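For clarity, chains are labelled A, B, C and D in written order, and residue numbers in each chain start from 1.
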Amino acid sequence: MLVVMRHDATARDIDAVVDTIREMGYDARPIPGKQRTAIGLIGNDGKVNADRIEALNGVLEIIHVSQPYKQVSREWKEEATVITLDNGTRIGAGEVAVMAGPCSVEGEAQIIGIAHRLRDQGATILRGGAYKPRTSPYSFQGMGVDGLKLLARAREETGMAIVTEAIDADSLDRVAEYADIVQIGARNMQNFSLLRRAGRAGKPVLLKRGMAATIKDLLLSAEYLLAEGNGNVILCERGVRGFDTHTRNLLDLTAIPVVKSLSHLPIIADPSHGTGIRSKVIPMARAAVAAGADGLMIEVHPDPERAMSDGAQSLYPDQFAEMMEQISVIAHAIGRSLVPPLVPVEEGVPQLA
Amino acid sequence: MLVVMRHDATARDIDAVVDTIREMGYDARPIPGKQRTAIGLIGNDGKVNADRIEALNGVLEIIHVSQPYKQVSREWKEEATVITLDNGTRIGAGEVAVMAGPCSVEGEAQIIGIAHRLRDQGATILRGGAYKPRTSPYSFQGMGVDGLKLLARAREETGMAIVTEAIDADSLDRVAEYADIVQIGARNMQNFSLLRRAGRAGKPVLLKRGMAATIKDLLLSAEYLLAEGNGNVILCERGVRGFDTHTRNLLDLTAIPVVKSLSHLPIIADPSHGTGIRSKVIPMARAAVAAGADGLMIEVHPDPERAMSDGAQSLYPDQFAEMMEQISVIAHAIGRSLVPPLVPVEEGVPQLA
Amino acid sequence: MLVVMRHDATARDIDAVVDTIREMGYDARPIPGKQRTAIGLIGNDGKVNADRIEALNGVLEIIHVSQPYKQVSREWKEEATVITLDNGTRIGAGEVAVMAGPCSVEGEAQIIGIAHRLRDQGATILRGGAYKPRTSPYSFQGMGVDGLKLLARAREETGMAIVTEAIDADSLDRVAEYADIVQIGARNMQNFSLLRRAGRAGKPVLLKRGMAATIKDLLLSAEYLLAEGNGNVILCERGVRGFDTHTRNLLDLTAIPVVKSLSHLPIIADPSHGTGIRSKVIPMARAAVAAGADGLMIEVHPDPERAMSDGAQSLYPDQFAEMMEQISVIAHAIGRSLVPPLVPVEEGVPQLA
Amino acid sequence: MLVVMRHDATARDIDAVVDTIREMGYDARPIPGKQRTAIGLIGNDGKVNADRIEALNGVLEIIHVSQPYKQVSREWKEEATVITLDNGTRIGAGEVAVMAGPCSVEGEAQIIGIAHRLRDQGATILRGGAYKPRTSPYSFQGMGVDGLKLLARAREETGMAIVTEAIDADSLDRVAEYADIVQIGARNMQNFSLLRRAGRAGKPVLLKRGMAATIKDLLLSAEYLLAEGNGNVILCERGVRGFDTHTRNLLDLTAIPVVKSLSHLPIIADPSHGTGIRSKVIPMARAAVAAGADGLMIEVHPDPERAMSDGAQSLYPDQFAEMMEQISVIAHAIGRSLVPPLVPVEEGVPQLA
């Protein structure tokens, strides 16, 4: 940690910083400069109360040389984290995992029907919201536990793993009971109570980047999960707030290679929310795979025109099939492949090919 | 609502939109244009499923002429909402209410001591965090219910009202029990479960704008509270995410007059979080009052250099006194005044002058 | 164009809008709504003075249904614009064109040497700055016309086409004299005088998106070029201003398919400036091609550690070769290919294979 | 300057950085840390080629402890710069200077008429565009030199000083000939050729902040002017690009106290462009003065409904009078005052009271 002093800081100000650092149990090393002095804090164990130093007289700014996160970092764990689901899908091992399904679970025929199609087209993980965080209190809020049961039924029939969102303590417990992956949505990325609970839920967690979250913020939120003992965390880039109204969000694909440098955790992309426009989903899905994403989350609806939410950004099933073909070739272009499709076995649920 | 068609939309596409609108129970009025056709939806009752129309072929975009929020709007209720606290402080009635105190409750001497000073300097509402949402799991997380009890003690001694943050269902119930105003922080602005619970908690709610929240998003989150029957909502501008690292956030003071045009709810500003820098708090507090804010939320610590959080943006008590003098004159310049100070009475807790 | 009235607009306000529209020579069609009235302006020829209407009493907002740009739009010209350079490179015809070279021309050995390597690795267009817009007046500002002459020499030797930036009227005239493509940089995207002059320079123009420019702004700036009679315009996404400091800019790859829907002009991406980090250039180059970019602009330096500018984002020549292989496979995955390489011919400059 | 090494940087990487720093003529001081090593560069004279170091193997990032600007900084010149115009108006001396007038000069009656009213209401500087940078090539582009002549006529009659925008080399020369202050608009803030020319024009310059410009960028652009010998620079905050469409821009008033800490140059605010909405101009003008602005730039039109540009954000003359009264009281609240009004003298042009 580096404490940069104002150019008009007095010798007394500098001494006070040095004394405070030593009082806190660290070593201080002043570095005089032409314009101003900086003071290096040596021995930072990640628990330094920077606020206390920043509040001292004459301090211009604190520069953090160490990252505030630990367990999520590549420096803590060099090898990539691989998350293996019950149906054999591995996330983070170099294969591209595809999560697909409707925005919301709307009924049995809808979710079971689309699951079969998606499974046959190569997706191994089914998405579908049972608890929906909606900006308006008057919008459809999801089927709740009935939706979870339908997802479980779809899993039984197709062999797909299930990912679905939890929005509070109650729904989290239920989602953890039914789903293979617990999703924490962008709006709850800094709902730290929910993160702690998710960290103790015993299931892998898909953590979506918040709309105003820096990559550091995202990693710190993931750190909450690891700090509770849950290392099975999948990050998800789904677009940040941008100034152009042509798209719903600004999909920040560069976050993918940046996260992969900083952390051992896998990261996927959600081009459906990232663009908000059906015709842009396939190009950006391709781009995400080309950028190195470990997976995709894609909204597909059997009949987007009648979807209860997000119809305008949902692919038609035929478009999804086209996307799968294209991303498969792209994955190979960079030395990767898609997670192999689930194939029916004589009895029991389908398994990875 | 206006449905704008692509320039290459066919007559059949247009008919499908008209039919869908009618099937949904509304009237449709096509408006042919030189470049493209638009279709007006007549009779919008705020429950139109726009997703369904947006998903139709040939639709370029949906333009919402009506606002998606209702009860928070000036059109729903023309006169300003006024929230009156037990100690007589009124928020939204043209007086500027000042909430002040440390970022975190750290102990009895700290909170009782600062409360006395702030009360004597004219603040009528005491702030102090007992439950802290921190970006890092390794940072101080607050004293919890012990902090709430200390705040209650400070209220008994000084007559100040209490505002403090709730971060989940459990803390919300406790905060509602002890505090006069329940604060929902920026990171939880779209934690809709928490909003619903806050809407039923029977206490006024201070709702802070999220870092990526548009004003429409903020009003929709407030709508969740009103939809649960709680009309005592105070909005708070505290800075949005900006690209300049000189300040912690980008304080959007224009939001104050914009919100006041759109809604009957009072809005205050938090220049402490909005700037993140002690020396910028007073200028921006003055600016907020000049822009028409109904109040301020200010971090003040008896000894910022030893604060457990946010020391760098906390005012010294003497600076707070200086600020109160300046904003008092500014309030008068625009035909307002500060909420009168609490004055000790012979027995019992102090009351408004 | 739709004029949305405030909910409290009077009948007289509405009449005034209708009268004004008619006085301006258009037809007006009021659309009464539940909350408010909107008034459609019929016959918009793109010359409506919206400011005058927006200034009328009771007007809430103006909604532009028609786009403010014309000649750049797909509605004006359906088929894609293809720009053919003297060396045979075609941009916009479905092949991916690669522009590569150092940030700045620094000397003869540097530019000629790198040009040979890049040509041999498949690039057909050489980039290199002779006039550099630098944020600091104390940074290296480019070699000027001497740099242009070296670029011309490199063209003679290698057959590559030349793209280089103009920053004012004088440099524009010189660049137009020497280069095959005149580049207008992000900081000058709304330097309208320069755009007009570029529109009359008789050379194709590469127009980079400004850091705060919406896609509409970018297309309007291109419109300046077309309005001067220059239809040979190549757009370039190079990152917008974002809030995360991990990258220099926020590369908005979704702009590629969005622009291709709205306009017939080709669009390329610049992942060097878009990320600012060498190790992120290749992943984002791949992603740009996967998203449908018509080309790439890549900084490559023979010795990045000694580059006079942008060394940290310049590829080593070997990395460039690796990138070319990867993007070639990705281009094929989406039914495209790279522009064929230039091959030496017995006498004269090399030609496309 | 601090060079932060990656945690996996080798001893050889570190040595290479140290050697390079020494080769460049500076001293290097390694600071070993728990996670990584940092290397302090001692003796930075502001001419270090950071790109060269950043390009070395193992370098994570460069942290600039010194500012890249010099002459604009408080460290270069402690006392505030005061700019005195011919009519006696002083900018930067603690008085609030008001520049007001229409967006565009539209004709003699318009500009002379409004000048008289504004002068009588206390403004001492007249604004009005003769050269207009417009996003669309089809919008009104200004009266050019005829507009300048009308502004000069208005000055003769009223005694007001003139500020008007230059958009290229030609217009700059003309503007410098006629006006008292040369304005460089937001879109040209990084048009470095224009800045250099403005720096040599012999007139004070009003430099507006670009929509994506950090405060550092703004100060570096001002540095271009000072580097050419022109110290009479007035900065102007006029809103940055934000994500909320309720306002045209996001007025960043915190930039005012931030700039005043970092630089000796005066800074004013333009709430007309900063909000884009007439009804928000007065609140934000008040807020700007309360935040410490050295002046305001306000659009006022005798008949906004017929303005050729920016009618929707132009005040009516009566509103301007109301604003002047309010900001006068606010200025006094913070120990300032307005620049005294111009009063007619028996013969010759009016003078400051």
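In this text, a contact is a pair of C-beta atoms (placed from the backbone, for glycine too) under 8 Å apart; a residue touches a chain by one contact, two chains touch by 3 or more.
Predicted model, so just to flag it, every value in this text is computed and none were measured.
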Looking at C-alpha means, what's the farthest chain from subunit D? A
Would the interface of subunit A with subunit B count as same or different, where same needs over half of all numbers used to appear in both copies? same
Quick one: report the Å distance separating subunit B from subunit C, using the average Cα coordinate of each chain. 40
Report the inter-chain centroid distance for subunit C and subunit D in whole angstrom, where each centroid is the mean of the CA atoms. 28
Could you put a whole-Å number on the gap between the CA centroids of subunit B and subunit D? 32
Can you list the residues of subunit B that touch 2 or more other chains? 212, 240-243, 245
Note: in the complex, subunit B contacts subunit D through residues 212, 214-216, 240, 242-247, 250-258, 261, 274-275, 279-280, 283-284, 286-292, 326, 329-330, 332-334
Subunit C to subunit B touching residues, read off their complex: 2, 4, 7, 29, 31-36, 38, 40, 42-45, 63, 65-67, 75, 241-243, 245
Given the complex, residues on subunit B that touch subunit A span 20, 46-47, 49, 51-52, 54-56, 59, 68-70, 133-138, 167-171, 187-188, 190-194, 196, 210-212, 217, 220-221, 223-224, 227, 240-241, 278, 304-312, 314
